[in-house]
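Labels run A, B and C following the written order; every chain starts at residue 1.
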Amino acid sequence: MLDAKEKAMLQEKAKELREKLIQVTYNCGGSHLGGALSQMEILVALYYKYMNIDPKNPEMVDRDRFVLSKGHGGVGHATLLGDKGYFDPELLNEFNKTGSPFGMHLDKNKVPGVDASTGSLGHGLSIAVGMAMGARFKGEKWHTYCVLGDGECHEGSIWEAAMAGAHYKLTNLTVFVDRNWLSLDGNTEDVMKLEPFADKWTSFGWRVITIDGHDFDKIAEAIEAAKAETEKPVVVIAETVKGKGVSFMEGEIGWHYGGLDDQTRDKALEEVRKG
Amino acid sequence: MAKATGLTWTVADADSMSQAEIYGEVLTQLGGENEKIIAMSTDLAKSTKIGMFEKKYPERFINLGIAEANMIGVASGIAATGLIPVVSTFAVFASLRAAEFVRTDLCYQNRNVKIIATHSGTSFGQAGTTHHCTEDLAVMRSFANMVVIAPADSFETAHAVRAVMEHDGPCYIRIGRGFEPPVHKSLEFDYEIGKAIELVEGNDLTIIATGVPVLHAVEAANRAKDQGISVRVLDMHTVKPIDREAILNALLDTRRIITVEDHNIIGGLGSAVSEVIAESGKACAFRRIGFKDEYSIVGYPEDLLHRYGMDADGILDVIQEVMKAEFEEDEDWEDED
Amino acid sequence: MSEREQLRARLFLRSALPLIKVVAADRPNYRKLLYKANGIVQFAAKDSSYAAYVELKDGELDVVKGMHANPTISLTFKTAADLNTFFAGGVALPSIKGLAGIPLLLRVVPFLLKLKILLPTAIPSDPQEQELKVKLLLYMITHALSQMNKGGDEEFVKFVKKSPERVYQWTVENGGPAAFLRMKAGKTKAGRGTYKKRRPFVHMIFPNIPSAMKVLTQQVALIEAVRDGFVRTEGALEYGRDIGTQMQRMDALLNEGI
């Protein structure tokens, strides 16, 4: 449960990071804005409230692990990590530039705080399953979090990993699906039907919690429920809006990836500042 | 070899795979020495012999079911926690089915995962092309950070399994089905990743072989000796990083090189050796023995080796062809006085 | 033994006689003897098709195989055996045609005498002479072996016939003389210096001239020579032995009756 102060802090942080994200996108010429905006509250809740991490010691042995399986959300993740103090946020001015540590998909060997290099969809859940198993082998108490895209769940390997997570009862693993209903070519249900999505996860042996993915109270409840779960791994299906916070981006597949000029940047900034 | 009569041996007769057991034994030993080792398979624990580890250390064994891509991703995650996953499945699945996972999750991220890929080449002959693997050396060699090893027999496999533990990063060990007669008599020989073993000395021609055909190369060299041809045999158990020095010495000493591999001649050992030769700028008679960009037929492994020229008979034919090619009438043979 | 004498004559005329060119090249005092000399000094035997002549053009010396149409002076032996005795340092008198050429012959004789340095009994102590001897020996050995093949020595022909391309190299280290014998499927070629296109199949390496002297003149047995570091062999050792056997056969042929 969040108290009012915490919730306000998280909301403020989300607002602030949306601004920074828009600025980074403006500077670098283009980014996966839509998904970075839809996943925002999930990442903010984890990094600013729940995860045991130390930005000054990114390799801390007993830290909680985080895998952004939907690796194209990297621009949002990097913006957050810069704000958290994993590295000098000024470095983000080089985003996408040749030789920069940052590109649209983050490299764990280049960006402090990134636990797995993702980008190719359908990999991150397997890796997260491995991290959770590793914790168990080592008798460590840390928790592994993984964020999937909904379109990513078209990949068969997600379901291979889902089977493994359930089979090994990985209660130290919590998965979020950023269910924004849009992939590159359109609505997920038109491109390749995912529904009944929650049933799929349930039948694969997972406990499913469906929430509003932009509501910090709901996110907090889901995380706390997941950490208290002792039988099954938990998947949180977070109903989100692609492009959340910028009216002309919301629900628009055109903003899966895009660049901003002075005018659109100013308009976007104005909207996210209003919240 | 008597047992290799049908499909059933992969599971039911697993106990008779004495050669493969040596590797299983070593891995199990290593498991005792190093608690970080986690063994993994995809419903092939028995066939791959990693099951021996499972018996001794069930708490450190994971079966991922028939899902190779996921196994590699999981291995990457486990390695991320500081443990050392050793995964074993058939070569065709490890290298092709799971290729992008190996590349992105292991090699790109430089994860300390060891892949022991069994039933490589055409060693699982009766199973047909879906279960043969004549592309893995090419695929694995092209992944940065990956070390690629093809032991000649299970003694070498045992050495290799031990040696890769000393290397921090992804390694691919490609072995046969476990019935292959041994090249070595025991474990008593020096083994180093990236260093070819000269099994036969010779100065007319060099055969560079990897994996199962090494034994046949030795046999061919012995037969060639009876014909007055002095053949060197290099057991190139590490295909990457390749032993450039051994190749360049062979090039300068013998100026005739034949490669032999249970693999497509494109992309594997033959390609690796030819790259070194071409970059040296020195001319050399050169042949590659292997699958000539074709899929193998179904058959017993020994028959397939023969059919595709990878046994002693086939190698000897190429030796003679290379030596004969020089019997030309094109040069100045006037003595200098 | 006629065939054998014919082969021997071939070796003397084609392998040994041309070595006077090396003497001329390496010894300025010998070259002086030929100052402005012109003419042809021919060596032949009545029962042999092998012949050779020394050609002098303004003091420049060459040795050519075959008969010259119009030699200045011609030394014709009755038999190849006699010619061989002459070249091996024994006494055999030829019939001489072209008495006017005798002064020319006398200018060439010191060169022929210098070739005696090749005899096993000649052990020079002067370092320069030692070097000349080793050089001439290496050139002689490789050339004569090749000529044994080309002249039809049955055993050596067999040895060469089944040989793929192989190079037998002899080298005195640190820039000393070197020579090689290359063979391939029945063909042979003697060459001087180091063969560069492929590493030798067998490489006999002498650390210095005195060591080479000891080994090549058989002052020390091969086993001791190896033990004491007078020679080392790189490459195919068994074939090193084999070529050694052939060298001894050649040696026996050349030194017969001496």
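We adopt the following convention: contacts are C-beta pairs under 8 Å (C-beta built on N, C-alpha and C of every residue); 3 or more make two chains touch, one makes a residue touch a chain.
Keep in mind it's a predicted model, so treat the numbers as computed, not measured.
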item	value
Set of chains whose contacts include both subunit B and subunit A	none
Central chain (by mean CA position)	B
Centre-to-centre distance between subunit B and subunit A (centres being mean Cα positions), rounded to whole Å	42
Subunit A-subunit C separation of Cα centroids, rounded to whole Å	87
Subunit B and subunit C, separation of their C-alpha mean positions in angstrom	53
Residues of subunit C engaged with two or more neighbouring chains	none
Sites on subunit B touched by subunit A in the complex	38, 60, 62, 64-65, 67, 69-83, 85, 100-101, 104-105, 108-110
Of all residues in subunit C, those that touch subunit B in their complex	14-15, 18-19, 21, 63, 139, 143, 146-147, 150, 162-166, 184-185, 187-192, 198-199, 201-202, 235-236, 239
Sites on subunit A touched by subunit B in the complex	61, 65, 67, 107-109, 115-117, 119-120, 122-135, 137-138, 140, 144, 156-157, 160-161, 163-164, 167-168
In the complex, subunit B residues that touch subunit C	202-204, 228-230, 252-255, 323, 326-327, 331-337
